[in-house]
Amino acid sequence: MRPIFPVVDSKRPVIKHQPFSVIVGQELLQAQALSCIRQDRVLFEQLSFTVRAGDILQVAGKNGAGKSSLLRLLAGLSAPDEGTLHYRSQPLSDVVDDYAANLCFIGHQSGIHEQLTALENLAFWRAAAGVPQPDDYALLAQLGLAGLEDIPCNMLSAGQQRRVSLARLWFTSCQVWILDEPFTALDQSAIAMLQQYFLQHLNRGGAIVLTTHQNLTLQYNSLTTLELAYRW
Amino acid sequence: MRPIFPVVDSKRPVIKHQPFSVIVGQELLQAQALSCIRQDRVLFEQLSFTVRAGDILQVAGKNGAGKSSLLRLLAGLSAPDEGTLHYRSQPLSDVVDDYAANLCFIGHQSGIHEQLTALENLAFWRAAAGVPQPDDYALLAQLGLAGLEDIPCNMLSAGQQRRVSLARLWFTSCQVWILDEPFTALDQSAIAMLQQYFLQHLNRGGAIVLTTHQNLTLQYNSLTTLELAYRW
Amino acid sequence: MHFQSWAEFWAMGGYGLFVWLSFGTTYFLLLALLCYSQLQQKQFKRQLAAKLAREQRVKQYQEQSD
Amino acid sequence: MVALATFLQRELRLLARQKADWLNPVLFFVIVLSLFPLGIGPEPNLLRIIAPGVIWIAALLSVLLAAERLFKDDYRNGVLEQLVATRQALWPFVFAKLISNWLSTGLPLVLLSPLVALLLNVDSASFLAMLLTLLLGTPLLSLLSVLGAALTVSADKGGILLALLILPLYIPLLIFASAAMEAAAMALPYYGQLAIMLAMLLVALALVPFAVNSALKINVS
Amino acid sequence: MVALATFLQRELRLLARQKADWLNPVLFFVIVLSLFPLGIGPEPNLLRIIAPGVIWIAALLSVLLAAERLFKDDYRNGVLEQLVATRQALWPFVFAKLISNWLSTGLPLVLLSPLVALLLNVDSASFLAMLLTLLLGTPLLSLLSVLGAALTVSADKGGILLALLILPLYIPLLIFASAAMEAAAMALPYYGQLAIMLAMLLVALALVPFAVNSALKINVS
Amino acid sequence: MFKWLHPLAKPETVYQLCGRLYPWLLTAALLLLLLGNIWGLAFTPPDYQQGDSYRIIHIHVPAAIMSMGAYSAMAIAAFVALVWQVKVAQWSVLAIAPIGAVYTAIALITGMAWGKPMWGTWWVWDARLTSELILLFLYLGVIALSGAFSDRQTGAKVASLLAVVGVINLPVIHFSVEWWNTLHQGASITKFAKPSIDPSMLWPLLISILAFKVLMLALICLRLRTAILVNEQHRPWVRAMAGDQ
């Protein structure tokens, strides 16, 4: 049985991150001459960029420009029509397992099961990530979900569901985060908190690729914006 | 068969709105001492407000404050636990059919069928609203979906799907719009266009109730913000 | 009293198995339903008390963090 | 009426797009029927005796499988919610679903009946009875399954709950339909059974749409 | 292993939460079985003859119906997509699904068999055979249905496509299982049939997880 | 006219009323049950045809009759709930359903245990047996449906709708099964015809029927109280009560 009255102390850091072996500025992901074709339409062509440890890459562009498609390519969920991807200077296909183990991808869909409670969803993702020792009450309280830990997620509001989904970022030890519109449905305070946490991750040597239609409001050291044009 | 190359003239107004009989400033919706209980938690209590023709009411608040729940109450989808709703000074339950005929509700979900094309979805909603004479190619072009009219909506990007869903606002002749986070997934230009269109509707004597976590950027004459506190 | 002895009573004229099977299951099911319903009520009352106390704590926590 | 026509057109278009939605129940029907000779043994007499019951059980199951998805998509993407908010458009929507459901599952079963008669050694007298009972019975089946689908749209559990709800309601139909076919096989008249089936159909036709309507309203609120 | 345990726990918790997920297949099984006497007629002898085939067909259908939802939820809300992105966690996920599927559908059918024997007048010799075939056959059934569910998870068509994919694979199982029960009813030995069923089970156990794994990967990309 | 019923729509009143009635009803039911069953088991002569096996009648018939009675009670409550939106009625639907299901199961089990010595088989596909089995399925359907939604209110409403639909279907089932059976069987189960009951056997039977009825009322009171608490847990009076404990 779980304790009914978890001791919540919001000052204490919830997770002690084991720092991944980082050479700051090391090249993590290199895209060379990527192109993506959907429905016989070229979304983008000859796209090359590099993501280094400590970088945050914001993929911008109008609706339908191909941001989500690019992110799915980077996450290894689909293969580029042309061009190559390298992870730590090796072709992605050779090191796909290493890469996957170091990657946290959260897509348009939240990745939480609606019938399960927030706690149970977190336990699932912990196990998938191989992270032990749950301290999820504190984590959820920190995310503003105190008291909602053990009701099925379909009874949470849109933004609360999103918070549960993003909670994964707080215990993952992966270096590369790929996030498709993480700010959807979040209120302003949650967005601010999330961005603060992004900063921490970058300072630890992590890398983030994300899309969002809202502006990133904090001061990032190495923010790159990749503007995709909507091509017909 | 539909013409393959429809003649699109984006200058021409797509729909001629039959102006609803409006007395500007007339009281449309009155909420008196509303309260709402979800999962045995009181989300809000003793909430009273009035929506007049020409008003725009932004329901604000943190995630889980009860914004969506309030909007569903106002749309007649669920009944308030306490308090009453009046439409044009009559109890809502007496005039529910009149009210429904004058109401356009678009919720968190987009209300478009993923297997159908944009055109087919619009045809469906036209029929439901009882609006004849489709000129949907022009409308979709105006919404930036030119060339995407006849592919199934599950092949559209998130923002494009949202645009299809919102297209309904362009042909409805309803006076009251209730929109739950209409800006989700839209890019900045689409948000600007939508707000411009809100202004038109308000000037015609329409009324809008909406939620959004982004700020409304235009100058509205009678914008009211209703701040719901997150209560535990 | 129709039966002469207890043994005869339990035997039920050779139909003991069927008679006692039916009466047994009947009483068992009725009793189970009764206990289950009562248990449900008790359990819920306990849950509610716990929930109220928890609410208190959440309020405290919110006040602290404000 | 305009709305009904448009809605029906939409449903038919969806069926044309997702051919599996009507092809699969039919194939399922045939496959389940062909399982019986395999499971029970190929003696023609035995097959003929069990044919009426088996045909109707297979028909039920295939219609049931198809019904589950009937409102699910429209519920999930919010169409249903927004239709309920407009109220008057709900009626044509329900009728369009009913009609398209029968067209896509009941009608193919009727058209398929000659093949089935062949598979299970049904003689020509019972074949006529089978055709007639299918014609009368499948619309009733559609009505019941649409009702079941409407009751369970927002339920967390899937198809089996639907089956559980519908099967008791369906038993009278099964009894009368297979009785009619048996009577036909014994060269007895079976107008009585057909009349009762017709009566049940009419009653259901009058009542089920109301029930569906309010079930949908309850489910989205 | 840790992951497998957690995942299995998650599945079991889901089952405990959605009791209907395992109760309904069982009820469905019973209800379908009770449809046969209603449709075919209540003569005990006839029922006894068709019992083996009917029991196995009902078992198939109930497992099939339950399997449909197996991956659907996880697909729709993006769990599957994100699991595939992590790769190594997919294996325990698949095994957890397999185990929980059998626990929630196959096992209850085995436990229910005495009742079924009663309903359909099965004698005690065939009852033993029925128990044994169910014990060997339902895991195979689970494997096949999980495979079907994985293959169809992103298909827009629902359960019926699954049924189509699985039913042909299932025919050998049906034939051997009902042959074993018939042999038992005639007091003949039926080790042969059981051995073949065991062999099929082992082969499936070795191959199906791979197939499921790659089916899931293909479906999300 | 129905003014006196009005307070009964108020959950708190019903809660207190049920609380007051429950102990009395429960003791009365237990006493009546003991009286009827002991009388029927030990103090009546055996049936000249069925011997002592007929004593099963003292639970079989009450359970069978009340299984149907419970359904009508449930259906009426469901109808009231749907038409007049009376919340208490809605909760009583879910309170009654398990009771009805248990009674039906008892009728089935005792019937089977009686059928084995009388007909030589545990189960035949007779009309009355079959329709009782279907009744059990209907109950289970209502229970399963009410539990299938994450929102309690929706579950209760949908289950009420199903209960009402089921009641329209009940006579259809009844007659179809009756009619279906006579086509095939009929002769083989003439034993099922009403045995003409001796008054000395009738009294304990009547008492047992009454006992089952009163027990049902008691159980409804108990379960309805829980339902009221669960559904009104946000009300001050419930909270105050829970805080006291």
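Order as written gives the chain letters A, B, C, D, E and F; numbering starts at 1 within each chain.
The criterion applied here is as follows: a contact is a pair of C-beta atoms (placed from the backbone, for glycine too) under 8 Å apart; a residue touches a chain by one contact, two chains touch by 3 or more.
These are the chains along with the protein names UniProt gives them: A, B = Cytochrome c biogenesis heme-transporting ATPase CcmA; C = Heme exporter protein D; D, E = Heme exporter protein B; F = Heme exporter protein C.
Note that the structure is a prediction, hence the values are computed from the model and not measured.
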Contact-graph distance - origin chain C (Heme exporter protein D), target chain F (Heme exporter protein C): 1
Relative to chain A, chain with the most remote C-alpha centre: F
Contact pairs, highest-scoring chain pair: D-E
Chain B and chain F (Heme exporter protein C): spacing of chain centres that average the CA atoms, whole Å: 49
Chain centre separation (chain C (Heme exporter protein D), chain D (Heme exporter protein B); CA means) in Å: 42
Length of the line joining the C-alpha centres of chain B and chain D (Heme exporter protein B), rounded to whole Å: 37
Mean-CA-position distance for chain C (Heme exporter protein D) and chain B (Å): 51
For chain C (Heme exporter protein D), residues contacting two or more additional chains: 55, 58, 62
Where chain E (Heme exporter protein B) touches two or more other chains at once, by residue number: 18, 20, 24, 27, 31, 38, 41, 156
For chain A, residues contacting two or more additional chains: 108, 114-115, 146-147, 152, 154-155
Touch list for chain E (Heme exporter protein B) against partner chain F (Heme exporter protein C), complex: 19-20, 23-24, 27, 31, 34, 37-38, 41-44, 118-119, 121
Residues of chain E (Heme exporter protein B) defined as touching chain D (Heme exporter protein B) within the complex: 18, 20-21, 24-25, 27-28, 31-32, 35-36, 38-41, 46, 49-50, 52-54, 56-57, 60-62, 65-66, 68-69, 72, 155-161, 163-164, 167-168, 171, 174-175, 178, 182
Chain E (Heme exporter protein B)-facing residues of chain F (Heme exporter protein C), complex: 121-126, 130, 133, 137, 140, 144, 147-148, 180-181, 184-185
Touch list for chain F (Heme exporter protein C) against partner chain B, complex: 233-234
Residue numbers on chain C (Heme exporter protein D) that touch chain B, as the complex places them: 55, 58-59, 62
